[in-house]
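Mind having a look at this structure? Questions to follow.
The chains carry the letters A, B, C, D, E and F, assigned in the order they are written, with residues numbered from 1 in each.
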Amino acid sequence: MKICRRETFNAAHRLFKQEWDDAKNLEVFGKCSYPNYHGHNYALEVWVEGEIDPNTGFVVDLKTLKHIILEEIVERFDHKNLNLDCPEFKDLNPTAENIAVVIWNILRKRIDDKFKIEVQLSETEKNKVSFAGL
Amino acid sequence: MKICRRETFNAAHRLFKQEWDDAKNLEVFGKCSYPNYHGHNYALEVWVEGEIDPNTGFVVDLKTLKHIILEEIVERFDHKNLNLDCPEFKDLNPTAENIAVVIWNILRKRIDDKFKIEVQLSETEKNKVSFAGL
Amino acid sequence: MKICRRETFNAAHRLFKQEWDDAKNLEVFGKCSYPNYHGHNYALEVWVEGEIDPNTGFVVDLKTLKHIILEEIVERFDHKNLNLDCPEFKDLNPTAENIAVVIWNILRKRIDDKFKIEVQLSETEKNKVSFAGL
Amino acid sequence: MKICRRETFNAAHRLFKQEWDDAKNLEVFGKCSYPNYHGHNYALEVWVEGEIDPNTGFVVDLKTLKHIILEEIVERFDHKNLNLDCPEFKDLNPTAENIAVVIWNILRKRIDDKFKIEVQLSETEKNKVSFAGL
Amino acid sequence: MKICRRETFNAAHRLFKQEWDDAKNLEVFGKCSYPNYHGHNYALEVWVEGEIDPNTGFVVDLKTLKHIILEEIVERFDHKNLNLDCPEFKDLNPTAENIAVVIWNILRKRIDDKFKIEVQLSETEKNKVSFAGL
Amino acid sequence: MKICRRETFNAAHRLFKQEWDDAKNLEVFGKCSYPNYHGHNYALEVWVEGEIDPNTGFVVDLKTLKHIILEEIVERFDHKNLNLDCPEFKDLNPTAENIAVVIWNILRKRIDDKFKIEVQLSETEKNKVSFAGL
């Protein structure tokens, strides 16, 4: 049984590799590397897989999952500049893939190990990534 | 190859465990346990996995799958009070997880065993569950 | 200039006219009149029309509009049974049309008269109503 | 007869009034005023109202409208920082309302005066504005 | 008070003016004029404006409106080739605009004159038209 | 890590098996076999699974994936009649299942073998298929 909670956050970012100069960044990342940042409405789906607790009929209480996501992810990234404001991306390019890994690692520490976690993150209506751990 | 048919139904329910008193139910289930029920537009996706029949180009005819879902699930639960009207939930708390298991078990009897089935059920725009059998 | 804020609430209801017996109610309202209630995820869009305040660049601060909707509408109707729990529908059939009028009247008292208000309420993916006052 | 074309663009911005200090900006605009910007997936609907050309069956060819929107709006604002990169917002707070007015004025110059124009702009799934001229 | 019912139908069409040769049609209509047709999932919203009937709490019963749309529009156009199968488009180019006018005229005969009607028709996720009569 | 790009195309088709006469085709495929074709807005999601390239933070650059889909799939099928214009379906019934297999095979030749591919194709809001190879 898998359950899913969806939340959203709005953030600015640019794709940028520090070891490369601006021309190389522009060549690889295109307009995603523009120096003054752009932004997205990120939509996050967190899937948790486990057995139903016969007492509650829940895998995990979706209210609890919601509060974990709001505290750990939305509070941290909403209305932020991922490159400038978030130490997680100080040395890590904030691609959708890397953001999903960062979110997965944060949530992994807050959700009991008996549950599997999958993080789906959509950056636009057309671009989406999914990470379920290594 | 997997195929999917989506249908919807509208129902009332409350989350409620008979062995617990009202205070305990409210503590665990919050406003989902309010005594006079609330309701949802449930959106159901039924995924069927199998091989393509070379005669038709179908795994299962989606018209057939549609009629099974309408007869077995929509007819049964649409515009009903899950707690009061549906014997399936007489002794089972109608959480999204438990509703998905009930639906999976009903459909399992109507769909040939050579096909795997997965049931996805969304309760709101933010809450969703998925069950693929044990 | 018009601005819009969208919020949702989940409620149970039945369509039912007290002056009519059950057979007449069933004839007119069909399965919407089933005695044990059903429910919906209501999606509410509140549109406010007026001029842009040159100080803020807002017609009305959407955060303020959000809080008015949460306090006055979501708090009042979410996870409720409209027929049993809400005095607004004690003598008023809770059709989408009547719910929209009730919401419009509540909001009209909280939003400055210099602004026009329109309330859009969707009951399902296929049914929607809109009310902009008389 | 009205026709509509929808396009999207992704941009960074902050709400900020130059005459106010940071504390005042934070008080009025909340987290929307954070200094390092955040961002959105803006969804733009451009409605054009007029009569059907009996030769083509079109009010305006939607391909033409699409190209005007891409050239004038998406090219200008996509993957930009509205505050830093766009002279339109050098002295204008980039609220959704003000962005809609700017877009309306740009399109007004490119679309024949015999047609009325309305611009709808959504900033998030919950916030939307509409401007149809003065 | 306005109410809305949404239904969908799937049809093939091509944009094509009989008085023009193929080269001229291709120049004006582009790939929409390809000779072997293409197709769309049309989504139709029918808005009906009038007063609430105090007996029912309805402007028009949405079940009734649904049946009129299914009988008159979906039955007529669903899984059809608009150019070849539908006499309405024998001498009329099946642009979204013209389809909306045809639908509006059909529905106008079935819905009481005391109600205003507006037809919204989307052809793709990006193209939409609206017609409310002359 | 999986990434996904979504694109759309509009095409006409009919379901039809050449070895069967019209009556048999109608019996099996219903209105999907009508002789003059109907059509759909197909929505395609292409999922690519692999490891994140530490240089870019990408599994595969979504811009690259977009261009492969546009060149290989949208260019090939958009505004076409699948039965008449597309040699892929000369002897293959263009069901959603078969279209997904054809797309998967085309993309498999363009995307490095170290990546797994899954193709999801929706034909309507209610019908969807998924193919991940044999």
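Observations on the structure shown:
Throughout what follows, contacts are C-beta pairs under 8 Å (C-beta built on N, C-alpha and C of every residue); 3 or more make two chains touch, one makes a residue touch a chain.
Predicted, not measured: the structure shown is a model, and the values here were computed from it.
Minimum number of contact steps separating chain D from chain F: 2. The chain with its Cα centre farthest from the Cα centre of chain D is B.
By residue number, the contact pairs of A-B overlap by more than half with those of exactly one pair in E-F, B-C or B-F, and this pair is B-F. The two sequence copies chain B and chain C touch through a face in which the numbers common to both exceed half of the numbers used overall.
Note: centroid distance chain A to chain D, computed from Cα atoms, is 27 Å.
Along chain E, residues 125 each make contact with two or more other chains. Interface note: chains touch in the pairs A-B, A-D, A-F, B-C, B-F, C-D, C-E, D-E, E-F.
Within the complex, the chain D residues that touch chain A are 8, 10-13, 31-32, 34, 36-41, 78-81, 84-85, 124-125.
Chain E contributes residues 15, 17, 28-30, 92-98, 100-101, 125-131 to its touches with chain D in the complex.
Remark: chain E residues 1-7, 45, 47, 52, 55-59, 61-63, 66 touch chain C in the complex.
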